[in-house]
Amino acid sequence: MIERNKVSDWWRTRIIDMEPGRIHLRGQPIEDLIGQTGFAQMIWLLVMGDTITGHRATLFEAALVASVDHGPQAPSIAAARMAATCGVGLQSAMATGLNMLGSVHGGAGEQAVELYRECEKAGPEGLAESLDTWRAKHGRFIPGFGHRFHKPVDPRAPRLLGLVDDSAEAGAVSGVYAEIGRAIERHLAEERGKPVPMNIDGATAVIYAELGCPPPLARGFFGLSRSVGLLAHAWEQMEQGGRNKGPTPPEYRWTYDGD
Amino acid sequence: MIERNKVSDWWRTRIIDMEPGRIHLRGQPIEDLIGQTGFAQMIWLLVMGDTITGHRATLFEAALVASVDHGPQAPSIAAARMAATCGVGLQSAMATGLNMLGSVHGGAGEQAVELYRECEKAGPEGLAESLDTWRAKHGRFIPGFGHRFHKPVDPRAPRLLGLVDDSAEAGAVSGVYAEIGRAIERHLAEERGKPVPMNIDGATAVIYAELGCPPPLARGFFGLSRSVGLLAHAWEQMEQGGRNKGPTPPEYRWTYDGD
Amino acid sequence: MIERNKVSDWWRTRIIDMEPGRIHLRGQPIEDLIGQTGFAQMIWLLVMGDTITGHRATLFEAALVASVDHGPQAPSIAAARMAATCGVGLQSAMATGLNMLGSVHGGAGEQAVELYRECEKAGPEGLAESLDTWRAKHGRFIPGFGHRFHKPVDPRAPRLLGLVDDSAEAGAVSGVYAEIGRAIERHLAEERGKPVPMNIDGATAVIYAELGCPPPLARGFFGLSRSVGLLAHAWEQMEQGGRNKGPTPPEYRWTYDGD
Amino acid sequence: MIERNKVSDWWRTRIIDMEPGRIHLRGQPIEDLIGQTGFAQMIWLLVMGDTITGHRATLFEAALVASVDHGPQAPSIAAARMAATCGVGLQSAMATGLNMLGSVHGGAGEQAVELYRECEKAGPEGLAESLDTWRAKHGRFIPGFGHRFHKPVDPRAPRLLGLVDDSAEAGAVSGVYAEIGRAIERHLAEERGKPVPMNIDGATAVIYAELGCPPPLARGFFGLSRSVGLLAHAWEQMEQGGRNKGPTPPEYRWTYDGD
């Protein structure tokens, strides 16, 4: 019998309880979860600590599905593919890409949840002021809106918002954040005289806000989702082969900027 | 309109096709996948390139669910928790842990799939020889069997094997690899005169082998699964606080081994 | 002959210029640097773009030497050692530790350079106000002062400050930041009624400030320096062996905090 | 007073011994090393455990200087630059690049040291056979020879070899591995009917072999050296700005390979 250390609780967790031959995750025996619980529900259970079902589970699963990949021009995917040609393991290639999802690349979801929460506190009349306050603090970008590439619209956003509407209609979520997101969209369009449509980060942030997630988890869940693309691309690249594959073809040289 | 580069195909992929306003993953419009496809199925689609359904989807989902966490004494989970106290983003904390899943920590699944495949080629009479050949090449550990902690048995393994049996009975998988796994288990028990039961890596490897995955993907899918635990623990640690939290309490010092 | 791309300057650098058979770093042929330039000077040349010599070189080298290691209870070193038992390459083990040097673990040097610069602008009479402003913005910690472990004093700090004094006497640096550091030390001691001595981050920050480094490079140079310890410990651990070595001995369990 | 743990030696090291107010590295007080020891010598001391001086120190320093950078087309440097635009800290950007230095990118030095050692055991008459044995085991590449880009010759290699010759003449090293390297070069040229000159990995491997380093440390020291370039490029990129900078310009699209 392995004795528990009586003296110290240096590492403490509510996530897992374990004895030889016994694993409980969030209070549930692992053998009851296996075969009964979907992977998305398991993610929610482990990270958030409670059970997600029905419409709410559909929304969470949709957000996870929507962000898996955006192609090899995304820095993270490119890095994972390059790593796959450098003689490292598949997980190291994935970790290389995941490690790039910082406040700029993949961080907009977290910021958008924060912004939505502030807009909610301010109420509909306070929207313009909330956006101004945000810009004063964080710079000119309103996180979750506009896209360099997908014009006129990111196909993922309206689809995700439609699912939120369905859930709101069914009473599973409030719909408040979908309304806030659309109000921001209208406001920005008016302000700039052209559409600045909600993008994938803005749309998944609506879902995470509706589901009650703390903002940093919008970033964490995005990381889980994009890890799927990282694995798929790293593996495809390993199958294609290549050694030390750089970002651009060899005939494409960098510019020397010195004197 | 953004013109495609005519000259070069430096980066090539079958995973994603994209134009402004259009994203196809493995040939399917992303807006058709969102809300229709579960996250586990999406993982399979993106990585393997085809659709998984029914019993096979249940098996895949079970393997993903089973490996999410094994507690803060696993090096990867400990590293993610420590990273969470060092002032890095949530994804960097996850990446830190994911990057540790090398050939020893999390690599046994890949090796077990390889071993099962070799045992299959050799047939039942060749089992003992297959194991000997493996040991001659890779050392004394038979990947996927035995556990330092879970005695007498890892609760995840029999549950996963039971699901494989159900699928085999329904004709969704062959059941060949479950049989091979059990044969190895019997062989090792006889050899050592005590049970050396299949562990989580051995059991998920049965599933990945039944589903036709290339061995390295057993490692890749394990990485995706364990990333859930990495996120949950990194986030819990961030909530607990702590600055520069080392592996052991401060009064627990390392031993200086020098002269 | 490899033609340079005429169309684009997607990647631009002043660091390196290259043709087949020719490598120039910061305008100097690599073959002239090899055998002539010390590694510390090379670091300065590549990162800062000019040459460091004499007293200034001694200071830079001293800062790099001083931060190489602080033992296996530092999260970064512990992570590198754990990674070394997980079946990843030596560089991945190093990267795992380096990736933990965030704003909290290893970030104090950057913050201290910033603080010193603000104190310099405010002048000696403005010191108390500068510290108050800092705390209002960043919290109660004054970066670079005090140590959990090294009491009464971190042996590295006075030694480094002494070298700065020598350089200032020789006219190689101004000595202004050493004075600011000491003034902060006196101020904190008075304020708290007990010594809060300058630590390694505070002392190396004096050097980096004296040498004219942008604050983030204090963090970058710390990363280079600590990478030496990461390599030494990862390699020592590989030599010791171990598989899946967790943070604490097996009999030392985590505490389950749930219901 | 902090008591040492009497029970366990879970973490053991010969590298560092520490008490409050006292830090000894490899048995030497840190305050004696600071200001006295060059950074390269410090690296050697911490990793190898003894002191390096004179010609041997020059060789080690030359190997570290020679490998710092090879431009933004190297996957590792490109990844660090991309990471620098993704909103992560400077060390995470460095770690991202360092993590790519696997067995293929940056691993040739380790392999070349191994190969040289095998050639040494076989003696001059056994050279051809040693190379054949190597190829049978590892594939057609002879590590450390030939270069995709630097034709006719990598300017770093002859310069490094010249320094080894100087050291051998002075009796500081044996010169045996320089001779082996040149013999391999001659052999490959004859075999292929054209020059296959020693590259940077082959030349630094000569130095590491002459200095008595275990092969994996050739890879570790390369990682330290290239980390300088990673820092320089990540920092330059941060100064240039850019958000989510991908590998190629936006008009340069990947090729969709599917049906």
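Letters A, B, C and D mark the chains in the order given here, with residues in each chain numbered from 1 onward.
Heads up, the rule we're going with is that contacts are C-beta pairs under 8 Å (C-beta built on N, C-alpha and C of every residue); 3 or more make two chains touch, one makes a residue touch a chain.
This one's a predicted model, so the numbers in the text were calculated from it and none came from an experiment.
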| item | value |
| --- | --- |
| Candidate from B-D, A-D or C-D with the same interface as A-B, over half of contact pairs in common | C-D |
| Far-end chain from chain A, centres as C-alpha averages | D |
| Euclidean distance of C-alpha centroids - chain A vs chain C, Å | 32 |
| Chain centre separation (chain C, chain D; CA means) in Å | 21 |
| Centroid distance [mean C-alpha coordinates] between chain C and chain B, Å | 37 |
| Junction residues of chain D, two or more chains touched | 2, 8, 10-14, 16, 18, 71-73, 78, 88-89, 92, 95-96, 99, 101-103, 106-107, 149, 247-248, 250, 252-254 |
| Contact set on chain B toward chain D in their complex | 2-5, 8-14, 16-18, 26-27, 88-89, 92, 99, 247-248, 250-259 |
| Residues of chain C defined as touching chain D within the complex | 2, 8, 10-16, 18, 20-23, 25, 29-31, 33-35, 37-40, 42-43, 46-47, 58, 61-62, 64-66, 68-73, 78, 81, 89-92, 94-96, 98-99, 101-103, 106-107, 149-156, 158-160, 162-163, 216-217, 219-221, 223-225, 227-229, 231-236, 238, 240, 248-249, 252 |
| Chain D partner contacts - residues on chain A that touch it in the complex | 71-76, 78-79, 82-83, 85-88, 92, 95-96, 99-107, 148-149, 243-248, 250, 252-254 |
